[in-house]
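What follows is a set of structures for review.
Consider the two complexes below, in which chain A is the common component and chain B and chain C are the respective partners.
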Partner chain A sequence: MNDTMVNVSVEEQKSDGLQAETPIRNKKIDKTRVLFIVATVVPSLILFILFVIFPVFSMFSTSLQMWDGIGDKVFVGFDNYEVLFKDDTFWKAFENTLFLIVVVTIFTIGLALFFAAVLSKGKTKGKTFFRIVFYIPNILSIVVISAIFSAIYAPSYGLIGAIAKLFGGTYTGWLGDVNAVMWCIAVAMIWQAVGYYMVMYIAGMDSVPDHLYEAADLEGCGKMRQFFIITVPLTWEVIRTTLTFFVISTINMSFLFVDAMTQGEANSHVLLSYMYKFFGTQYGYAMAIGTIVFVFGYGISLLIQFLTKREIVQY
Partner chain B sequence: MNVQDRILSQDLKSKISRYTGIFFKYFSLILFALLILLPLFWVVMSSFKTTLEINADPFALPTKLYFQNYINAWERAEMGTYFLNSIFLTAASLALLIVLAVPCSYTLSRFKFPGSKVISLIFMAGLFINVNYIVLPLHSMLYEFGAAIGVGTGITDNYFTVIVLYATTSLSFSIYLMSSYFKALSPSFEEAAKIDGCGYFKTFLYICAPLALPSILTVILFNFLSFWNEYILAQTFLAVEKSTLPVGLLRIMRESRVSNDIGRMYAGLMIVMVPVLLVYACVQGQLTKGITMGGVKG
Partner chain C sequence: MKKKWIALICAAVLCIGTVMMAAGCGKKNNYDFVVAYLSAGRGETYVEKLVEEFEKTPYVQDYLASKNKTKLSVKIIKGGTSNIGELVRNSINTGVTPDVLFLNFNMSGLTLTESFVRSKKLVDLTSLLKEKVYGEEKTLEDKLVPGLLENYTTKPYGTDEVYSLPAFYSPTGLWYDASRFYDDGKTGAQYTWKFTDGEHAGKYGLPHTWEDFWKLGDELNKANNNNANASATNPSLFTYPTAGYFDGFIYSAVAGMAGEEKFLQMLGYADNIWSDPGVQDALEIVVKLRNYLEPNTPAQANANDFKKNQEAVIGKIDANKQQTAKGTALFMPNGDWLPGEMAESTPTGFAWGFMPLPAKDADSMSYVNTYIENVYMHKDGKNQDMGKQFLLYYFSNAGAKIVAQQTKAIIPTQDALTNAAANGIEQTTIDLYKVYDGNGAVSGSFAATNTVTGLNWNDVLYNDLNLEIFTSSQTGSKSDETLLSEWTVRLESASDKMRAAIIK
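Moving on, here comes the complex of A and B:
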């Protein structure tokens, strides 16, 4: 409710502001106004273009060069890409990244939607407590989470090992196991992300009017069906936005987790961690990977935007 | 079966399904809460155990509080130095970010001027560019610059650079979050200030910025967390002894695999984790409200 109200007032103010400014526009240029605008916007803008926008383009151009970080840059056209496409580790990293995008997205969004539905409407005891607790992982450093999970998975002193010992099994450490390592990282990533998306969804669900659920209750519609025919359609825009950001965020987060937990051991590289591996040695090659991540990440995000487009349900 | 019985049994059925629903709901809530709290509790517990005790039984409570882990982490693993570095870097970056972002957000959301739309769009695009995507080109660019002016790693291995980069890469999100707040302010505040003879700078500094204080606090909060927790940039730019807490923790983590001093690792974990948890305990309401205000953070 609150959100929509704020939006409406923003719209109104926009038109008001315009009217208030028209007289100034018609007069000769107000020097202090120009000075104020320049002083407030230009410093941020220059820094932003220099340190955020420019590096993106520098990444594209460096990907066409051979460069070890110290010597001269040599233009080599698409050579880096040609080598890259024959690089097995690169394809493995691509596969791992895709795996994480799919698995982490499905579990995180599924769990977040479920907990948001439970904690937004209806009577649930301890709502505030659960909201606070579920959000905790999101405020911790990825290094902290990686350290905790590395300790849990550790062969000698870890929790999994201790549980295995209780049941008389042997445990040699899943983080070193090619078949288990990506699932281990996925679990840590899901653990970290659920609370954040839950809070986002709760905000969306709180704005769905109560009378729709009351009417559904009267019609004898079960909670499960209510979730799919009322909650999901009415919060679709929020879900869609999170899905779009989720891909880029997962590509990024997987880098942090892999770098802190395994550093690519047991075939666990993801795209960005593999790029980072060439830091200081083969810049051109690293930037070719970076460029592919960029095109791939934003391509998928756009595709999701396009595929999930629905008519916005009004209420 | 007569009608009454049938109604009764239907009633019973719906009751059963309702109770299993309630059971399932609380079961999953409590299970997930435990999945989050137990590992944290386990870390607290292990940080007070000797490495011998940890290896013997990871589940057991500590026999007595072993503070040596903390002393080892703080002094020998230099977490004390990292702690001070982190405080300095976080505070300075926050200060710079506020000085840059608040006026910029104010102007972009309340003034129409040639190019204002384009500039807003440029900053919006930044929402999609994460600093970890561009950390290598950033480093190579600044390293080259340093080499060109003859200072070697003087530019990259430099607190001032890292502070500027932290602040700059957070601009998009911060400007975006505050702009919704600035846009919602009534123009009558500015009109009244103008009548009273306030210039643009005064109006902003004494009237509009204080009015936007809640959103400024939210920006400070979010960026405190992201600066305090950040590690890729710090790891890439700063020399090890100049680095921050997460990098220090990573170092202990990697060393503990070799040296087998695991107690120290848990103590290090606590040193990174506890300040953040304390801040969270004080402001958790503000934080979750902030997310809904700012929408998505990349």
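Moving on, here comes the complex of A and C:
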């Protein structure tokens, strides 16, 4: 792949060189080229600075201030962080975020890989039908999914309550139970995400040549072993990319699920929902939480990239 | 070459877009009058209609003549609790500051009014009280219902200056299904009010004192096998929509158990007030309620499902709005907006009952908490004189009539209550205000403070109760005494921080 790219660029340079008749003309071309590059790059650069670099910088600086959104901003140094690190709800929210990252990632990636393996290489009947069925939750909006799961968990009219009643049990709502609430949110998140990642893995697995599996079959290698020695190594780059992508999206998605299902009741705040709670009242404090999320998100992506680095296996 | 042109055009579009956005930021206030209001609860039209009629007054006509105009240029900013704060903030940040704002104190997630108080942006309205309201001989002070100016919303700095006026007032207390109770004929201090004249054939007696209340609760618990089964045929004693509804409950309970003096000290974050024996009695009532709670309540006590808790008092209905089952709880704390809010799921012929909190004992007074919605003016508003004239119009009989017609609510002037029936207010609403007869009234709003980083006072006082007191998976095997002492510690610690931040 890299070789081809290098070849193309060398050819481009050659053809440019052929068009240039004299060194003077070469300079003239360079000038217009530079001007053109500047004219096209500068606006995007300004927008990038305005809408990406500036907000991030502004977040860091606001986190060092006390500000309620209207009045004067007061510089307070690291006071916001000092209070934050002693704030029990913040640590609970951090714990909940980590819980969701670990649990939702393991189950989603695990289930997505399993279903992808079954539906891409297995001889399952109605493959296309199942692919569509698994993908459907991804089309639904998070609010709809949250409403569906809230209805399932609801104590007065929910599915679980009805089943409990059928067997003579009592059920007063898992969303109000501090020990169950995060699992309830995790289940909804896993249900929502499996289909999407499954489709990605199917795409990766479809590109693995069949002859490798045929050879393995001939040598008496079982399906499970084939999965671990052929499928996983050959789709490792896809898994690796989706893993980073997924962890970051879990941090974001958890906010939507918590906001739509519990609003942080029963100790279910995650970092972003806790940050949002201080919007409009204590921007400085909210931005201190935002900064932690920013650093944490980047840190964890780098960590995943580092830990999952393998020699790329090709065929 | 073609590609180059496309790239250059794209770049130009980006540049122009950026310049236009930058230009949009420097907008000026070209309006004659700017009003902001919270349209949730009181409807989407009343301020528009008020402005329309206000425009016909001689004051505005003279103003228009002096400006050579035929019509006022008015900007009205309105929104629900979720977005009004952002809308007003954005408007101020673009240079259009509202002259008049109908916004409340103490709203969860919206502390805009508190922000204005902190930055001393409210207009002093003390002198306005001495002015005559529009078209009448009475001054604003004489028009207003007595007692409503003596609180931290109208006098946020605890001084004699009035910075905000009560735009609406409504009693909050305990609501119930009137048909489940029998009429004990008691009146006076133990006044009990019913929306419609129910059948009075219920099996329960209304609790006039806390002793009665707990006795009724114990009987229900006994019948319900210690409250273990959510599908029990007997109701539980109590439910609450969300923990936020405990605000008025706590205020009335403190006034009733500790007295009005301690109540006022509490609002000023007095030192050690939460450990005061009377206040402790009030807090104990809240903690004790966990033993009499409708079991599904904590799981549904959030912004999505709070109506399920309200339905626990109403019961179940079929497609024809006929009641198919009685409610699973007897009482809940709520305000006058409840019947309207729950109209869709209330059975035909349902009789709401409403009472103040039970009294300390048979010789003591019951207390009603008054929920006040405020109106005030912003110092940076461009047309303050017009803002003041608008307020004088609002509190006039003409204003009261418009508000009554548009919102079905009574504004806090004595004439508005007298003229309520003539203004088209339903008798049930007028009756609601009779709860003040013979009962004590309090209004709870704490002293204005500067921001205390990481601390939300409302969370400590009531929002966290759902988790810390009523969620059994959180409280585990802790006793009522332990929970009460833990809550008191949290209150004292937060109260100390708030006291240090009071704006002087």
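Going forward, the second predicted complex is superposed on the first by the 262 of 315 C-alpha atoms of A that agree within 3 Å, B and C clash if a C-alpha of one lies under 4 Å from a C-alpha of the other, contacts with A are read in each partner's own complex, and residues count from 1 in each chain.
We adopt the following convention: contacts are C-beta pairs under 8 Å (C-beta built on N, C-alpha and C of every residue); 3 or more make two chains touch, one makes a residue touch a chain.
All figures in this text were calculated on a predicted structure; none of them were measured in a lab.
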| item | value |
| --- | --- |
| Partner chain in contact with A:S150 - chain B first, chain C second, else both or neither | both |
| Touched partner set for A:T170, first chain B, second chain C, both or neither | second |
| Greater chain A contact set [chain C / chain B] | B |
| Which of chain B and chain C A:I142 touches, first, second, both or neither | first |
| First, second, both or neither for A:E95, with chain B first and chain C second | neither |
| Touching partner for A:A260 - first (chain B), second (chain C), both, neither | both |
| Touching partner for A:G69 - first (chain B), second (chain C), both, neither | both |
| First, second, both or neither for A:F114, with chain B first and chain C second | first |
| Chain B and chain C footprints on chain A, overlapping residues | 36, 39-40, 43-44, 47, 50, 69, 150, 156-157, 260 |
| Residues of chain A touching chain B in the complex | 3, 6, 9-10, 13-14, 16-18, 20-21, 32-33, 35-37, 39-41, 43-45, 47-56, 58-59, 62, 69, 111, 114-115, 118-119, 124-126, 129-137, 139-144, 146-152, 156-159, 161-162, 191, 194-196, 199-200, 203, 223, 241-242, 245, 248-249, 252, 255-256, 259-260, 272, 275-276, 279, 283, 286-287, 290, 293-294, 298, 301 |
| Chain C-facing residues of chain A, complex | 36, 39-40, 42-44, 46-47, 50, 66, 68-72, 76, 79-80, 83-84, 87, 150, 154-157, 165, 170-180, 260-263, 265-267, 277, 280-282, 284-285 |
| Residues of chain B touching chain A in the complex | 21, 25-26, 28-29, 32-33, 35-37, 39-40, 42-43, 46, 54-55, 57-59, 100-101, 103-104, 106-108, 110-113, 119, 122-123, 125-126, 128-130, 132-141, 143, 164-165, 167-169, 171-172, 175, 180, 183-187, 190-191, 199-201, 204, 225, 228-232, 236, 245-247, 249-250, 253, 262, 265-266, 268-269, 272-273, 276-277, 280, 284, 287-288, 291-292, 295-296, 298 |
| Contact set on chain C toward chain A in their complex | 4, 7-8, 10-12, 14-15, 18, 85-86, 89, 92, 109-112, 114-116, 118-119, 121, 228-231, 295-296, 298-305, 308, 311-312, 451, 453-454, 456, 466-467, 471, 473-474 |
